[in-house]
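One chain, chain A, links the two complexes that follow: it is found with chain B in the first and with chain C in the second.
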Partner chain A sequence: MSHDRRVLMSLPPSLRTSVTPTELELIASQQLIEIIPLIAMEKTAFISGAYGPLRPPHRAKIPIWMAVNLKLKKKCHIIAPHWLNVEFLQARLNEETTETGFSRLPFRFSEISKVLLDVASDDIPDAEKIRSVLKDLCEARQAKSREGLANLDQGEFSLPNFCSMEINEVRPFFVQSMAILQQLYRESGET
Partner chain B sequence: MSWDAQYRAGTLLSNANSAPKARSRRNAATLDDSDDERPNPRTNDSDRDVVMAPPSFELEDEETPLQKLMRHWMNERHAPDILPAQDELLASLLDHIRRQSEAVQLLRGEPSTSEEDHIRIMLVQTEVERVKFIVRSYVRTRLFKIEKFARFIMSNPEIQTRITTAERAHASRHANLTDKHFHFSVLQSLPETQSHLDDTPIFMPPMVTQPDESVPVFVHALRECGPIHFPDGSSLNKMTPGYISLMPFASAKALLNRGDVELV
Partner chain C sequence: MDNDYFSIDAILAENQKFQCTFKQEIPDMGHLGGGSERDIQVQSKRQIPIWLAYTIIYSDWADFDIPAAFGPKVRNALKAEPRSVRLANLVGAGGSWYGFGKTTMDILSDEQAQVLSEMLTTTFKGRLIEVIDQAQHFAALGPVGASGNTGDSSQAFREGLDATERDLFTLAQESSKKMKRWYEETEKSKR
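Showing the complex of A and B:
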């Protein structure tokens, strides 16, 4: 009974205008990642697809949430995605500080790197250095998005290479700013 | 549906069925071996090659039902209006949740569950919880909008085509209840000209809440599409996949319903 009532309740007010970083992590964790399993498992049907077989020490591709789950039980090593290393991120950071646009990064790089660094920092080479480069990268991009706000208009505002978590961070401010601009245009058109 | 075929091809159910365990294990093992012979075994793709033969599947899209639901969930969360109901997709996923849960129950009933089986059960259950969370959040998002726009829904046939029968019934009940409440608490004591919710006094905003389509949304193009027209008269010839842009919901609506873009 109590279960049914929970389902029937509408969305809580705090979630009505935006999504939470945790929800974005949940979405990003559906992406596949390579692992080295430490246990064997036959091919198994999941709702999102069939995964396995897991045969140590052969690599396998499974969703991130599953890899995190196994990692927490010390049943696998996670192989960092090709972009999660100091070299790649440092190159993006250099681009970020020398060029005007946003550098190209995976759409959900922020969520994925957080999830992986949280649970598998021992599997990722130079995890500490990666953390600090990621932090600089995010700050450089934040500064750019604030500057970009000056170009906001009522019609359309394109943001090439802007990423999922960044969109979520600026959403309230950007959406409201555009709504105000729309209103100003409407009113100046009326008079 | 090819999805079901793939689902049945998995070993979870065959283990749980009455077939002797050792035999199904061996079957699974032979299936695995054939996978291993591939020079570059990408589990998901190789599985698709075997089971998802219809080429139409490739053409349509490569999204799994769960990915579709996640997309619709986020679209619904960001859109100011109620989007078309995805009742078939939802029903198939609920069915899938039920079958996975049953399979887990059967596996658990077996006395000799190995460590491997424990981990499998744990993973399958974790996924079921993940999917349940998304389903719940999706339905609650729609419920929130239906309650918010209940009165408008009852007076607008177009929006009623976008919601399920159950949602319409809920909107109707909700609209009736609030109508009665407003009537007995305030409206009945007002002069006749001001005693209706749909009165339109000049210089006053309407009292029936409607979806505001001018609300800006973040759009993420999934395939090449366009042209898009904006309320200020400007337009965009085309969007390439990956294009990200902030625009009024009204401009993105048609593309969204066609699945050309998603809201992020």
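Showing the complex of A and C:
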């Protein structure tokens, strides 16, 4: 048994193959987003890069974590990403309910939409409506991943356009189920 | 279920007995069956623990019967409806039906092993969705509703889960719970 494996075994089973939603949120928060600053700031160097300068009322691109921080101090308005609006999501929802595959959404749409709707719902038009469409969208996709489970086998598994948060949620038991099937499966003619 | 030396599951899966019919007389070993006879007679039947059964079967001292847990009665019940069979009852408390099945499969001849493998995999797949559905349902209920009634059949199903499925249930439930907690927490509540 390798050292890695032993370290892994000391974690609770659900954390051996997946990270927590909060960790995914942290990763997603590295992405850049446009804001309209309400304060001026010179170009500043951070470990992940240099951002700014902030010159109201000109737009600036900064990481989400920074935007959230400023927003909570009421020092900026956040501009919703192009996909975070009712029309776009409604179109995806229609696609989701009429077609078999998963619709194409940004890989980290769950994390980003949750954070933005949480702190900046006053900057996003129709935030309430977006929330409800997102909820429907998630449910429609969940139903599809459930169907995927029905077709599980020991070898491979593919769910195109499945998103980071969704993958993370199903990973622990999908991985384990496949491992079990791998054990139970016996190729015909195998000695 | 794997044959890893360090796997607790593998050790637990061997906590079962095989019914062996001896082909040779074994002197001074009558106590193995808990009987009062001194020797094991030819054609006598004994319940032999798996760890010992390997040696006895491979040395051709005895034949073994396919355990009742995988016998024709169970097979027909599973064919009719995999979800209505209480796997836990077949292997005793905390037992792993699939693990025992895998162990049995490894000792059987090719042809029989193939049949058993098919039975194990179809059963596993047939029950998997129900396991996950219920796990997610219970995660959504939270601690308060955990005792809520969801019908007799689903409760019977839960009680009939074997150790392998129970693990999956826990994994799926924890995963869903984590997601739920994440969705419900807000930036404002964190501060």
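Simple rule for what comes next: the second predicted complex is superposed on the first by the 168 of 191 C-alpha atoms of A that agree within 3 Å, B and C clash if a C-alpha of one lies under 4 Å from a C-alpha of the other, contacts with A are read in each partner's own complex, and residues count from 1 in each chain.
In the analysis below, a contact is a pair of C-beta atoms (placed from the backbone, for glycine too) under 8 Å apart; a residue touches a chain by one contact, two chains touch by 3 or more.
Keep in mind that what you see is a predicted model, and the values were worked out from it rather than measured.
**Q** Just to be sure I read the superposition right, which of the two partners does A:Met178 touch: chain B = first, chain C = second, or both, or neither?
**A** In the superposition, A:Met178 touches chain B alone.
**Q** After the superposition on A, what does A:Ile36 contact: first (chain B), second (chain C), both or neither?
**A** In the superposition, A:Ile36 contacts neither chain B nor chain C.
**Q** Is A:Ser48 contacted by the first partner chain B, the second partner chain C, both or neither?
**A** So A:Ser48 only meets chain B here.
**Q** So in the superposed three-chain picture, is A:Pro160 touching just chain B, just chain C, both, or none of them (first/second/both/neither)?
**A** The answer is first: A:Pro160 touches chain B but not chain C.
**Q** Which partner does A:Ser14 reach: the first (chain B), the second (chain C), both, or neither?
**A** Second partner only, chain C.
**Q** Counting only touches as set out at the top, which of chain B and chain C does A:Val86 meet: first, second, both, neither?
**A** It touches nothing on chain B or chain C.
**Q** On chain A, which partner's contacts cover more residues, chain B's or chain C's?
**A** B
**Q** Report for A:Lys114: first if it touches chain B alone, second if chain C alone, otherwise both or neither.
**A** second
**Q** Quick check on the output: what are the common chain A residues between the chain B footprint and the chain C footprint?
**A** Looking at chain A, the two contact sets intersect at 152, 154, 171, 179, 185.
**Q** Using the touch definition up top, name the residues of chain A that touch chain B in the complex.
**A** Per the touch definition, chain A meets chain B at residues 6-11, 15-16, 19, 23, 26-27, 30, 32, 39-53, 55, 58, 60-61, 65-66, 69-70, 73, 75, 107, 152-162, 164, 167, 171, 174-175, 178-179, 182, 185.
**Q** Looking at the complex, which residues from chain B come into contact with chain A?
**A** Listed in rising order, the residues of chain B that touch chain A are 6-13, 25, 28-29, 31-32, 35-36, 42-44, 47, 64-67, 70, 74, 77-78, 93, 96-97, 100, 115-116, 119-120, 122-124, 126-128, 130-131, 133-134, 136-137, 139-141, 143-144, 146-147, 214-218, 220, 228, 230-232, 234, 236, 242-248, 251, 264.
**Q** If you look only at chain A, which of its residues touch chain C in the complex?
**A** 1, 12-14, 18, 20-22, 25, 68, 72, 114-115, 118-119, 146, 149-150, 152, 154, 165, 169-173, 176-177, 179-181, 183-186, 188-191
**Q** Using the touch rule from the top, collect the residues of chain C that touch chain A in their complex.
**A** Within the complex, chain C contacts chain A at residues 1-2, 4, 6, 98, 101-102, 105, 110, 113-114, 117, 120-121, 124-125, 128-129, 132-133, 135, 164, 167-168, 170-172, 174-176, 178-179, 181-183, 186-188, 191.
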